[in-house]
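Below, each structure is written out as C-alpha cells.
Below, chain A partners chain B and then partners chain C, in two separate complexes.
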Partner chain A sequence: MPEYLVKENALADFFRELTQDRRLLTPQGQGENCRLEETDPSKVSLEYTNTHKSPKECFFPQTEKLLAFSKEADKPHPNEYRDLGDKAVATVIFGLRPCDARGLCVADKVFQNDRFTDPYWKGKYEKTLKIGLACLNPSPQCFCAAMGGSPFGEAGLDVLAYPRDKGLGLKTLTEAGEALIKTTKAEPGDLKSEIADLEKKAIEAQGPIDHFVAINERKIMELYKAPHWPTTAEPCLGCGVCTFFCPTCHCFDIQDEANERGGIRMRNWDTCMSALFTQHGSGHNPRPSKTERIRQRFMHKLKYIPIKQDGVRGCTGCGRCVVMCPANIDIRSVAALMAQTQAS
Partner chain B sequence: MNNPYLPYPVRIADIVVDSPDKSLRTFKFEFLDPEDENRFAYLPGQFAELSVPGQGEIPIGIASSPTEKGYVLFTVNRVGQVSSFLHNMKPGDIMGIRGPLGHPYPVDTLKGKNIVIIASGFAVTTLRATVVWLLHPDNRSNYGRITFVYGARSPGHLLFREDWEAWQKRDDIDVFVAIYKPVDGWTGKVGFVPAVLQEICPPAENTAAIICGPPIAIKTTQPVLFEAGYKPENIIMSLENRMKCGLGICGRCNVGPEYVCKDGPVFTLAQLNELPPEY
Partner chain C sequence: MSNLDTLTQKIREKAKSLLEGGQADVVIGYRTGTVPLMAAPFFARTPQDCDQLVWSSFARLNLANYLPGRTEKVALVAKGCDARNAVGQVAENQYPKDKLFILGVPCSGQVDAAKVAAKEPRPIQTSEETDDSIKLTGPGYSTDLKKEDVLRRNCLTCAHRTPTLANELVGPEVPSLPTDDFSDLTALLAKSSEERLTYFKDLIKDCLRCYACRNACPLCYCPVCFVDETRPQWLGKSTDPMDTMTFHLLRGLHCAGRCTACGACETACPVNIKVREFNRVLDKTVKENWSYEPGLAWDQKPPLTVYQPNDPADFIK
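On to the complex of A and B.
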C-alpha cells in the first residue's frame, strides 16, 4: 500500500475531507484528561502522549444495554426479551497509538471468536476506520517493542500516520484505508525509507529490550507452578484498575435491571481481580485468593492469549497498568520472573 | 445478524420436584415459536442459559435428549438468586432459554466403542440425556456395550427413576444404581460410586468412560478407572465454572487458555492434565 503526505497548511482540510460522511474522534486534552472525543476537524491535536483510558470503550462501553423486556401482561410479548440493537454510527478515529490498535485486534478476536460473534462489538468495530499516530518519542511508561509491537506498529489500523514537518506522513494499510485517503487531497510520496529510519530510532529510544522469549518456551503448568506467585501477588490490593485500563481486557458481567413494568439486560466491565468473579453458587471458588487471581491475569496476558492468538500477546506494552497500579506491580518485572521459570 | 445474547422465549410446561428437600426441580420447557426448537439443535452434553426476566441467567446442562421432540428438560438445584426465583415459578410462566452452548460429549468419535457412563448426584442430567440418545434406535447399533453407573445420597435423591427403571429391563444396557447408605426398602446396590464401579468396571479395551459429578466424586472415580487400565484420553469429563455469556467472551470460566463455556464443558482427562486445576 502506498504512502501520502499532508502539508501543515492542508491539515484542517484533510480532516474535514476525512469526515464527510462520518464522525471524527481524536484524542483531546492532556494527561489524565486526554480522551477520545468527537472533534471539530480544525481542532485536531498531534500533541499528546496517549489517551488516559484505552480506546476499547468506543466499542465495548463500560456499561452497555443489550436487551429489554416488558412484564405488562396487556402489552404484546410479556417476559420475552427483545434486542435493543446497536446504534453504531460511521466513525473515523484519528490518533490511535499502535499499542492500542494492537490491543483492539486482540479484543476483536475474543468478541468475534471461532464460534460466536458479539453483535454489539462488531457493529461498532466494523463501522469505524482507524488511523494510528506513530510514536516518535515513546514515553517512559512505554514498552511496546518488548511485547512484540512497535511504535510504528500497523496491526488493527487502516492507516498509519506520523507527524512530519508539522504536517503528516501517511501509510495506508487496508483497502478501506486506501479508499478513505483517496477521498482527500493528500499527496502521494515515497516515505518507505523515512518510516524505516524513524521506526528504528523510536524502538532504540525504548532502551535495551528484553522480549521475555523464555515465557513462550515454557509449558503452561511450568509457569503455573513457578514459586514466585505468592510474592508477586502480595502487594496487590485487588482493586482491578489494571484490568479496567488494559486495552485487551474484555471481561464483563451481565445483569438485569427491572421494576414491576419491565427492565433491561445490560453488561458492565468486570475484573478477574475480584473473588466473586469466579465464585460458584455452591460457594466453591476456583481462584479463591489473590495469588490465583494475580497468576490468572499475568498468565492470561502472557501465556493463554498467545496460545489462542498465534503468539500475539495480550499485553501491548501501553504501560497503563504500570502507571495506575496503587501497589506498583509492574508487568515487566512479572514477565521477567516468568521468563526465569525452569523447565520441569 | 443472529444475536447470541437473545434468548428464545419458552413456556414452562411442567415442573417436577425431584428431591425430598425440594432443592431439585426438573423444568420442562416448550418453545413459543415451534421454529425455535429447530434452531435450538443440540446434542447430549451441551448446556443452555436459563433466562428469567429481571433476575438473570444460569448455565444448566440439558437433561433431555434431542431424540425427545417438542420440549427440553433442565434440572435446577436451588442455590442462588435466579435458581431460587425459578423454583417459585409456575407452569405457564414465560421465560427464555439461550443456547445450545458448549460442545457435546464426543458421540461421533465414540462410534464403535463401548461406553461406561458414571454419574454422581444430580450431575446425572446430561448423562441421562446421553443414555436416552444412545438407546434410540437410530443410534444404538453404532455403539458397543453400554454401562450406566449412578449413585446418589438416598432413594429420594435419585433422579429420572422412570428412565433407569426402564433401562434395567433392557438387555442392551447394564444399569447399576446405588445409594450411599442403606435404607429400609432399598434392594439395589449400596455404596459410593467409586466402590460400585470397582465391583463392576468393564474392561478398558475399546471402552471410553464419561464421568459427571461433584469434584470429589470425579477425583475418587479416576483411580478406579486407572486401575482397570483406562487411559486419560478415554476418560471424558464435563466441567462447571461460573459463567455469564456462555460465548467465550465475558472471561470468567477459563481453565488456562480454554473457556469451559465455549471450548468445553466436555474435556478428556488427557486435556485437563495439561491445564491448571481451576474448576
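On to the complex of A and C.
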C-alpha cells in the first residue's frame, strides 16, 4: 500500500474531507483529561501522549444496554425482547496509538471469531475506520516493542499517520484505508525509508525488555506453580484499575435490572481483580484470594492469550496499568519474576 | 545526609532489629517505585529485604490498610495518619494490639502526583527528591519543583503529622500545622441542598466504580461490601449515576467519624475524583458535635458506633 503526504496548510481540509459522511473521533485534552471525543475537523490536535482511557470503550462501553422486555399485556410488544444496543454510526477515529489499535485486535478476536460473533461489538467495529498516529517519542512507561508491537505498529489500523513538518505522513494499510485517503487531497509520496528510520529510532528509545520472551519458553504449570505469586499479590488492593484501563481486557458481567413490569438487560465491564468475578452460586470461589486473582491476570495476559491468539500477548505495552496501579504492581517486574521461574 | 536519607536509614535499622528480635514477622513499609513519584507498599520478611525499605514523599498509600485479617506480628512504618488508622483497626477489633508495632515516621506531607502533572505536563522519566524539592527529568528537560507547592491537600490541613501513638519514632517530631478550620468547605456548605447535590453529582461524574478508593481505605475492611452483595443484590452494577452516588454516599457515611484524612482514596482514584470531599464534610460534623478525632486512643470507639443514655439528641429517646 502506498504513502501520502498532507502539508500543514492542507491539514484542516484533510480532516474535513475524511469526515464527509462519517463522524470524527480524536483525542482531545491533555494528561488525565485526554479522551476520544467527536471533533470538529478544524480542532484536531497532534499534541497528546495518549488517551487516559483505552479506546475499547468506543466499541465496548463500560455499560451497554442490550435489550428491554416488558410483561405488561396492555403495552406494545409485551413479552418480546426489544434491541437496545448502541446504534453503530459511521466513524473515523484519528489518532489511535499503535499499542491501542493492537489492543483492539486482541479484543476483536474475543468478540468476533469462528465460534461467536458479538453483534454489539461487530456493529460498531465494522463501521469504524481507524487511523493511527505513530509515536515519534514514546513515553517513559511505554514498552510496545517488547510486546511484539512497534511505535509505528500497523495492526488493527486502516491508515498509519505520523507528524511530519507540522503536517502528516500517511501509510495506507487496508483497502478501506486506501479508499478513504483517496477521497482526500493527500499527495502521494515515497516515505518508506523515512518511516523505517523513524521507527528504528523510536524502538531504540524504548530499550529492550527480554523477559517477556523468556516466558514463552516456560510451561504453563511451571509458571502457575511459581513461588512468587503470594508476594507479588501482597500489595494488591484488589481494585479494578488495571483491568478497566487495559486496552485488551474485555470481561463483562450481564445484569438484568427488572421489576414486575419488565426491565432491561445490560452488560457492564467486570474485573478479575474482584472476588465477586468468580464467586459461584454455591458460595464456592475458585479464586478465593488475591494471589489467585493476580496470578490469573498475568497468566492470562502473558501466557493464555498468546496460546489462543497465535503468540500475540494480551498486553500491548501501553503502560497504563504500570502508571496507574495504586500499589505499583508493574507488569514488567512481574514478567521478570515469571521469566525467572525454574523449569520443573 | 538529608533528613529523608536519615529516616530511611533508621527505618532499615529498626526493621532489621524487629525481625531479628522476633518482635515482628513482617515489616510493612515502602520501597522505591518502578515509576517516578511512587513509593510502593513493601513487605519485608528478612533482614536483607529491609535494605529495600525507604522513606520518601511519595508514600501516599495508607499501610494500615494491610492489617485486618493478618495473623502475623506486624511492624508498620506509619505516617501520622497511618498510625491513627492502625490504632483505629485495634479499636475496631480488626487487628490485635499485642501483635502490632508502630514504627512512626514524623511526616512533612506527601506529594500529589496530579499537582505535579499540572506543573510539569511533559512525560516524566525520573523523579529525585531532596528534603524540600523534587527534581524531575524527561526527554530533553529537567524541572525543579518545591515540595510545598505540590503537597496533597489533605496534608496541608493535617492535624497529627507526628504519629501520636507510635511504639517508636524514627525521627524528631515535625512542627504542628495550624488547627484545621475547614475553611475550604465554607463555599460548599453555604449552598442549598439542591446545589450541593448538583456539586456532588458533578464531582463523581467520571467514576468508573473500580472501587480503588474503597480498597485503598483502611476503614473499608468489610468482608463483603454492600456493593458486592448478591443475595439479594443491593445495588446496580452499571455506571448509572444514582447507583454510583449511592455507593459514594453510603461509603462516606460508613466512614463518618473514622476517617483520618489520609488521602489514600484520592491517591488511588484513577480519574482524580476528590473522593474525600464527602468525608471532609462529615469530619467537620463529627468534630463539632462530639469533639472527636479518630485514632488518638486505643479504646476509643467512633461516636457513630456507640450509644450513651445521656445522648443529648432527642431522636433516640
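Methods note: the second predicted complex is superposed on the first by the 332 of 344 C-alpha atoms of A that agree within 3 Å, B and C clash if a C-alpha of one lies under 4 Å from a C-alpha of the other, contacts with A are read in each partner's own complex, and residues count from 1 in each chain.
Keep in mind that, in the parts below, a contact is a pair of C-beta atoms (placed from the backbone, for glycine too) under 8 Å apart; a residue touches a chain by one contact, two chains touch by 3 or more.
Just so you know, these numbers come straight off a predicted model, no measurement behind them.
A.B. asks: Quick one: chain B and chain C on chain A, clash or fit?
C.D. replies: Aligned on chain A, chain C fits beside chain B.
A.B. asks: State whether A:K308 touches chain B only (first), chain C only (second), both chains, or neither.
C.D. replies: A:K308 contacts chain B only, not chain C.
A.B. asks: Just chain B (first), just chain C (second), both, or neither: which does A:T174 touch?
C.D. replies: After superposing on A, A:T174 lies clear of both chain B and chain C.
A.B. asks: Just checking: does A:D330 make contact with chain B only, chain C only, both, or neither of them? Give me first, second, both or neither.
C.D. replies: Only chain C is touched by A:D330; chain B is not.
A.B. asks: Is A:T291 contacted by the first partner chain B, the second partner chain C, both or neither?
C.D. replies: Once the two structures are laid over each other on A, A:T291 reaches no partner at all.
A.B. asks: Return, as a multiple of 10 degrees, the angle whose vertex is the Cα centre of chain A and whose sides reach the Cα centres of chain B and chain C.
C.D. replies: The C-alpha centres give an angle of about 90 degrees at chain A.
A.B. asks: On the A-aligned overlay, A:M266 touches which partner chain: chain B = first, chain C = second, or both, or neither?
C.D. replies: In the superposition, A:M266 contacts chain C only.
A.B. asks: Looking at A:G240, would you say it contacts chain B, chain C, both, or neither? Reply first, second, both or neither.
C.D. replies: In the superposition, A:G240 contacts chain C only.
A.B. asks: Would you sort A:N216 into first (chain B), second (chain C), both or neither based on which partner it touches?
C.D. replies: After superposing on A, A:N216 lies clear of both chain B and chain C.
A.B. asks: Give the label of whichever partner, chain B or chain C, reaches more residues of chain A.
C.D. replies: Ranking chain B and chain C by residues of chain A touched puts B first.
A.B. asks: Does chain B (first) or chain C (second) touch A:N137, or do both, or does neither?
C.D. replies: second
A.B. asks: Please provide the least distance in Å between a C-alpha atom of chain B and a C-alpha atom of chain C in the combined superposition.
C.D. replies: So the smallest C-alpha to C-alpha spacing between these two chains is 6 Å.
A.B. asks: Just which bits of chain A does chain B share with chain C as contact spots?
C.D. replies: Residues common to the chain A contacts of chain C and of chain B are 253, 255, 279, listed in rising order.
A.B. asks: Okay, in this complex, where on chain A does chain C touch?
C.D. replies: My answer: residues 30-32, 49, 52, 62-63, 137, 139-141, 231, 234-235, 237-241, 244-245, 253, 255, 257, 266, 268-269, 271, 274-276, 279, 322-324, 326-328, 330, 332-333.
A.B. asks: For the complex, which residues does chain B have touching chain A?
C.D. replies: Its residues touching chain A are 1-7, 9, 32, 51, 53-58, 77, 79-80, 83, 93-96, 215, 240-242, 244-245, 247-257, 262, 274-279.
A.B. asks: State the interface residues of chain C toward chain A in the complex, per the touch definition above.
C.D. replies: 33-36, 38, 40-43, 61, 65-66, 114, 117, 121, 123-125, 138-139, 208, 210-212, 214-216, 228, 230, 236-240, 264, 267-268, 270-272
A.B. asks: Which residues, counting only chain A, touch chain B once they are in their complex?
C.D. replies: Checking each residue of chain A against chain B gives 66-67, 69, 71, 77-83, 110-111, 113-119, 122, 219-221, 224, 249-256, 258, 263, 265, 267, 270, 272, 277-282, 284, 286-287, 292, 296, 299-300, 303-305, 307-308.
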